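There are two complexes below, and they share subunit A, which is joined by subunit B in the first and by subunit C in the second.
After this line comes the complex of A and B, so read on.
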């Protein structure tokens, strides 16, 4: 349970960083005319992506909170993990699409790193969905076990 | 079970791409005298990338073995928890060594590379702790499953 509590604390820090980053981005955009001109077409898409990422983290964090409260297996954790996994999957797919639509410049040497980053986030999203499946199965077994006792 | 099978495939693809990356790294060091000169100038710390690459690959391989074991034993097995725990600790070791390397080379790194490395280390740290947490969940689930099987 210590590791789950540590992960919960780390996610709270990550959520705070994401919020701070989004707010800084908005403040910089409002205060700087140069940035306003450069990002006039893509600012809303960037903010939307930050919000999706924020929600993905929030759902996973909620799932961990229920893990701690109910001593591992419960239905709510499964549900929140599924939402978190799907939100992160949407973020992973939309982030490069947004980059292509807005014509963000990518140098050739960065292409390999970008592909690796995409595969990493895709793997993490599917990983979260897989853990949701494991927890769902565990909850069923626990319920059967409780009924037998 | 479908998602776990997808994850298994995603990890195999990831390992494939990563092996390609390791070979690319070897080729770049072998081909470019400039890179060798830069590594020499900074006390050969850059060469740590080679064992680090293999360490990361070993960590991912352990996770893949855990997933394969989960598929085989229908979700819960002690073997799966052990492999996942090992994978988590290996990735944690990789993160710690990479962070030390980044700190040592901080003065010579470009700011954007430093930021990208730091965020990569942050994400990997969270992923490692996440893996250790999931290994605890699987361990607990396996115990409940055993109790359930014994009762039946």
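After this line comes the complex of A and C, so read on.
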């Protein structure tokens, strides 16, 4: 339980940082005419991406909260893990698409790192979905077990 | 379980890319350390021949930390292979998940601590960056802990499954 509580606390800090980053981005955009001119086409897409990432973290955090409350296996944890996995998958797919649409400059030396990051995030998001399937399996076993006297 | 195939393919791709990088990284560090004059390009804007012992050590620790990450990825692939064989709540899976979590955390510490010490002692910069670096630290530690939590979850599930199987 200590590890899961620590992970929950880490996710809370991460969510707070994501929120803070999004708010700072919005405030800077509103207050600076230079930034407004530079990011006029992409600001909404960036905010949307931040919100999707925020929700992905929030869903995983909710899943952990239910893990702690209901002693690991329960339906709500499975559901939140699935939502978290899908949200992270959408974020992973949309982030490079947004970069391409906005014509972000691609440095040749960064291509390798970008591909590695993309595949890593894809693996993490599909990994979360696979874990959700396994937790679902565990929940069924637990329910069967609880029904057996 | 339907996503397992895709996950295994992605993990294999990641493992191959990381393996190739590792294949070149180890000889590269050795060349920088012992034959710096033969490196034809600059490293972070400085010539390899001018690289200090401290910066070579940081580079070496980065490669060691990266090796831990590759090992974690290899274990993850092994876990997925066990899942394919329908060995889900198995002792090996529990052990591998715990080792993956530890490898990720140790790898990050091995990479981050020398880099921070280098910045503090050699470059004299003690500023804590609260941008992507901090975010990256939390994400990596979170990922490591996530696998260790998974190990605990699987241990409990294994107990439940054994109880269930014993009940007629």
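Everything below uses one rule, namely that the second predicted complex is superposed on the first by the 149 of 149 C-alpha atoms of A that agree within 3 Å, B and C clash if a C-alpha of one lies under 4 Å from a C-alpha of the other, contacts with A are read in each partner's own complex, and residues count from 1 in each chain.
In this section, a residue touches a chain if its C-beta (ideal position, glycine included) is under 8 Å from a C-beta of that chain, and two chains touch if they have at least 3 such contacts.
Predicted model only: the values in this text are computed from it and were never measured.
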{"item": "Clash or fit, subunit B versus subunit C on superposed subunit A", "value": "clash"}
{"item": "Contacts of A:10 with subunit B and subunit C, given as first, second, both or neither", "value": "both"}
{"item": "First (subunit B), second (subunit C), both or neither touched by A:30", "value": "neither"}
{"item": "Touched partner set for A:38, first subunit B, second subunit C, both or neither", "value": "neither"}
{"item": "Touching partner for A:135 - first (subunit B), second (subunit C), both, neither", "value": "both"}
{"item": "Which of subunit B and subunit C A:116 touches, first, second, both or neither", "value": "both"}
{"item": "Set of subunit A residues, in rising order, touched by both subunit B and subunit C", "value": "3-4, 6-7, 10-11, 14, 64, 67, 72-73, 112, 115-116, 119-120, 122-124, 126-127, 129-131, 133-135, 137-138, 141-142, 144-145, 148"}
{"item": "List of subunit A residues in touch with subunit C within their complex", "value": "3-4, 6-7, 10-11, 13-14, 17, 64, 67, 72-73, 112, 115-116, 119-120, 122-124, 126-127, 129-131, 133-135, 137-138, 141-142, 144-145, 148"}
{"item": "Residues on subunit C engaged by subunit A in the complex (per definition of touch)", "value": "1-4, 6-7, 10-11, 13-14, 17-18, 21, 83, 88-89, 130, 134-135, 138-139, 141-143, 145-146, 148-150, 152-154, 156-157, 160-161, 163-164, 167"}
{"item": "Residue ranges of subunit B in contact with subunit A within the complex", "value": "1-4, 6-7, 10-11, 13-14, 17-18, 21, 24, 67, 70, 75-76, 122-123, 125-127, 129-130, 132-134, 136-138, 140-141, 144-145, 147-148, 151-152"}
{"item": "Contacting residues of subunit A [partner subunit B, same complex]", "value": "1, 3-4, 6-7, 10-11, 14, 64, 67, 72-73, 112, 115-116, 119-120, 122-124, 126-127, 129-135, 137-138, 141-142, 144-145, 148-149"}
